[in-house]
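Let me begin by handing over the structure; questions about it come next.
Chain nomenclature is as follows: A, B and C, assigned in order of appearance, with residue numbering initiated at 1 for each chain independently.
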């Protein structure tokens, strides 16, 4: 009996070590980044090792101040506002759309569904310039609106698809018994199905948040005053093509920008692994 | 039916909430005039620009200047272009040599002379450079000159003689050979200037030296022929073969001409190419001492030139034209502002600004250089239209030769065809 | 009687459509209309400062053949080849890594949640500008990789990976594969759905781990592998940020990292040829649509997608 347990323990240990070794190899660039953020600026490129010879917090202090007029406090706030609103808008409106496709009957449903799936393949470039022209016609340049409002119209087909598959996995009789009890369509959606769809909803929330955070191109296009800049744009401000770049502070702020995403990911893991698992993507 | 309404109501409520969040911040306080100033730069330039803004705002409490900074000129123009297309352009637009491309959206400042702005203290050549078709569409931020920068401390360390500031091409090559004999492996006498992202400038210099300027706007022609471009490519090919400049793949790793990806700052090359206004930025990035020498052959041919570094230009559709012009007058002519700004955007073209001196020590070297190189200059050549594409494609052709994909003869032919195509575009 | 029923069906349809309304409005306003407008733009010369000028098929001709006045755009063809090379090397490699790591992450170890988050970090870094610096540190002539190859393996005369036209693209492939987080999560979810009994039953029958992998794991995962493949392929074709920051916006050296999207951006926003950029966008759409259709055809029996109930 104990022999098997010991073998198990040893196997576990080896596995852990292997994962850690592989992880360190893979994470080396990140470890270097973190180390560099604590090194004084003039040692970053001359000192090869990860561990700073002289440990300093200067980069974080200087980096937080941003480029003088606007600091990273503002950049983080802007990023959070955009990402949180987008995430919730996506969760609400993609799930409403998914409900329609998964549970409701109406004429033309199949055609609309096929079209929705086709939009998954659409490269964003095809709509960028016309959308820009439209948004400036209504005066939305330099606001968060062009980035956030599309989410209220369920333009992210990926999440609609995810939610449709998930809802399909829920048995239809719970709908039916609710309807017999006099529940409205919206009631079935909000009170019966959505509570059961939580894992998929959390998946939608998390990935909407992460992908919006990283959507540099749209932020670059629509946010023109530094007070509206987001974290990725703030980071770019540290680079300049005709003078010095502030590497130290840039690294420090890059490290900081990883933290919210990491925390979110780590804490919500069990939900979205389940969320994707039960979508029955396998058919 | 009730549910449908509920869904729609939810949608409308959310949209209006976001709408409110977006536009609330834009409600400007009444009574204050806001000027939007779009420029590019980071670090030092942003700090000193902000200091100048704070000074102006303290003198004029009812004016607020909002800087809109982009990291690099590339991003800046992309942003400004899209803003202009949307009728939402900033009040002050910083432009560079590409000012002709923007002439029709810029304000003519001549009518404001003596009222909102004092043009009489500004050098006539600076006024000329900002005048297109009789309209003064940009005020020079200062004068700049192309130069070769060299690492004085490194030269002293290896026991080589310091370079003469003025040399011809033969003397220059000999000097490079002297450097090479004393330098360790992996360090080169000169950076490969042709692979810089701003490579059209050294090429422009060489065509002037060669007596075949790049472009003449009056008859839309170029004096450059394939054989000329070929000689340029062969010159650098020769340097490369002798090891006076690095091999192509190493050079390509230092292509962005900014202080961090500069081979000179990295200690891998002694001589590099910069504009004079970049000196203080470069000097701050290294503990070695830097100084200038002229491009070779400048004295014989007066092939150097003193272009305006950048221009302060006013958006024709600005809602605060008078205040904007006044602010530009401050930036360009006010002694206190000039002291703060130094020669970060060029050595001032205004006599009142120059007499104020500068907060930066490196600027003295710039003045010394200009005293020697100034007389070796002549009127600037017109800029090739479609500047961005010229830089990008010239760079590509040069690299093809550097990597041995095509011969200098073929490269020369391609450069010629490129010029013709861009002129005709 | 019939009229009442028809009315009820109509009302029913209407209220269902209410749920579809947000998506429908979004589709017409933000997707379909812009698509047609950009299709129109692709037949024009448009520099965004002045109104578009109709030039017919010129943009498309320049891409593939050249017209009487303009030569063929070799950089366009090059950008297509670079992108194809990138897609068909990075996507398979990425999926392989994602699957291997997902299998590791499926083990029951105490620290697994932490490990999963850690392995996802490279993906979190996304298109951060810090990546440009990191990648140069790793792959420059005097970068970390060469230092290791030299000191540990004694190799000499190593190329400057990131600035050599032969190898620069490979550094971007490595970057793409390094950020395998998303497909990994999806594979992980898929693996967790495979009933344990399959594995238990087969080991009773004497099957080893390798045999189990090919007989159980792969077949069960095949729809997910397909899904990941298609999604990653579509995304890889649109890849922009990483090439943009690592090459400093140049697509160099020698256009060896000039991704299709990067060239589109340079043409549209750098050289102010928006009409051309719109044409490029449409060609990209056609390519992606065709490849996706081919993929679906090829997978035939494996996958059971469908909109119907």
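In the analysis below, a residue touches a chain if its C-beta (ideal position, glycine included) is under 8 Å from a C-beta of that chain, and two chains touch if they have at least 3 such contacts.
Just so it is clear, the structure is predicted and the values come from calculations on it, not from any experiment.
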Overall pattern in which the protein chains touch one another (line/ring/star/complete/other): complete
Most distant chain from chain C by Cα centroid: B
Between A-B and B-C, the pair with more C-beta contacts: A-B
Distance between the centres, which are taken as Cα means, of chain C and chain A, whole angstrom: 16
Between chain B and chain A, distance of the C-alpha-averaged centres to the nearest whole Å: 38
Residue list for chain C, restricted to those that touch at least two other chains: 15, 19, 22
Sites on chain A at which at least two other chains make contact: 45, 93, 96, 133, 152, 185, 236, 238-239, 247
Residues of chain B touching at least two other chains: 3-4, 7, 11, 74, 78, 82, 85, 197, 256
Chain C residues touching chain B - in the complex, by the definition given at the top: 11, 14-15, 18-19, 21-22, 48-49, 70-71, 75, 136, 140-142, 159-160, 162-165, 248-250, 252-255, 266, 269-272
Residue ranges of chain B touching chain C (in the complex, touch as defined): 1, 3-4, 7-8, 11, 74, 78, 81-82, 84-85, 105, 186, 197, 248-253, 255-256, 261, 386, 388-389, 392, 395-396, 399-400, 403, 405, 421
Residue numbers on chain A that touch chain B, as the complex places them: 42, 45, 67-69, 81, 85, 89, 92-93, 96, 132-133, 136, 140-145, 148-149, 152, 184-187, 220-221, 224-227, 236-247
Chain B - residues contacting chain A, complex: 2-4, 6-7, 10-11, 14-15, 18-19, 21-23, 25-26, 36, 40-47, 50, 66-69, 71-75, 78-79, 82-83, 85-88, 197, 256-260, 266, 275, 278, 281, 284-285, 287, 344
Complex contact set, residues of chain C against chain A: 12-13, 15-17, 19-20, 22-27, 29-31, 33-35, 37-38, 41, 104, 107, 109, 111, 113-122, 124-130, 133-135, 137-138, 144, 147, 178, 185-186, 188-190, 192-193, 220-221, 223-224, 227, 231, 234, 237-238, 240-241, 261, 264, 268, 274, 277-278, 280-282, 284-285, 288-289, 292, 303-305, 307-308
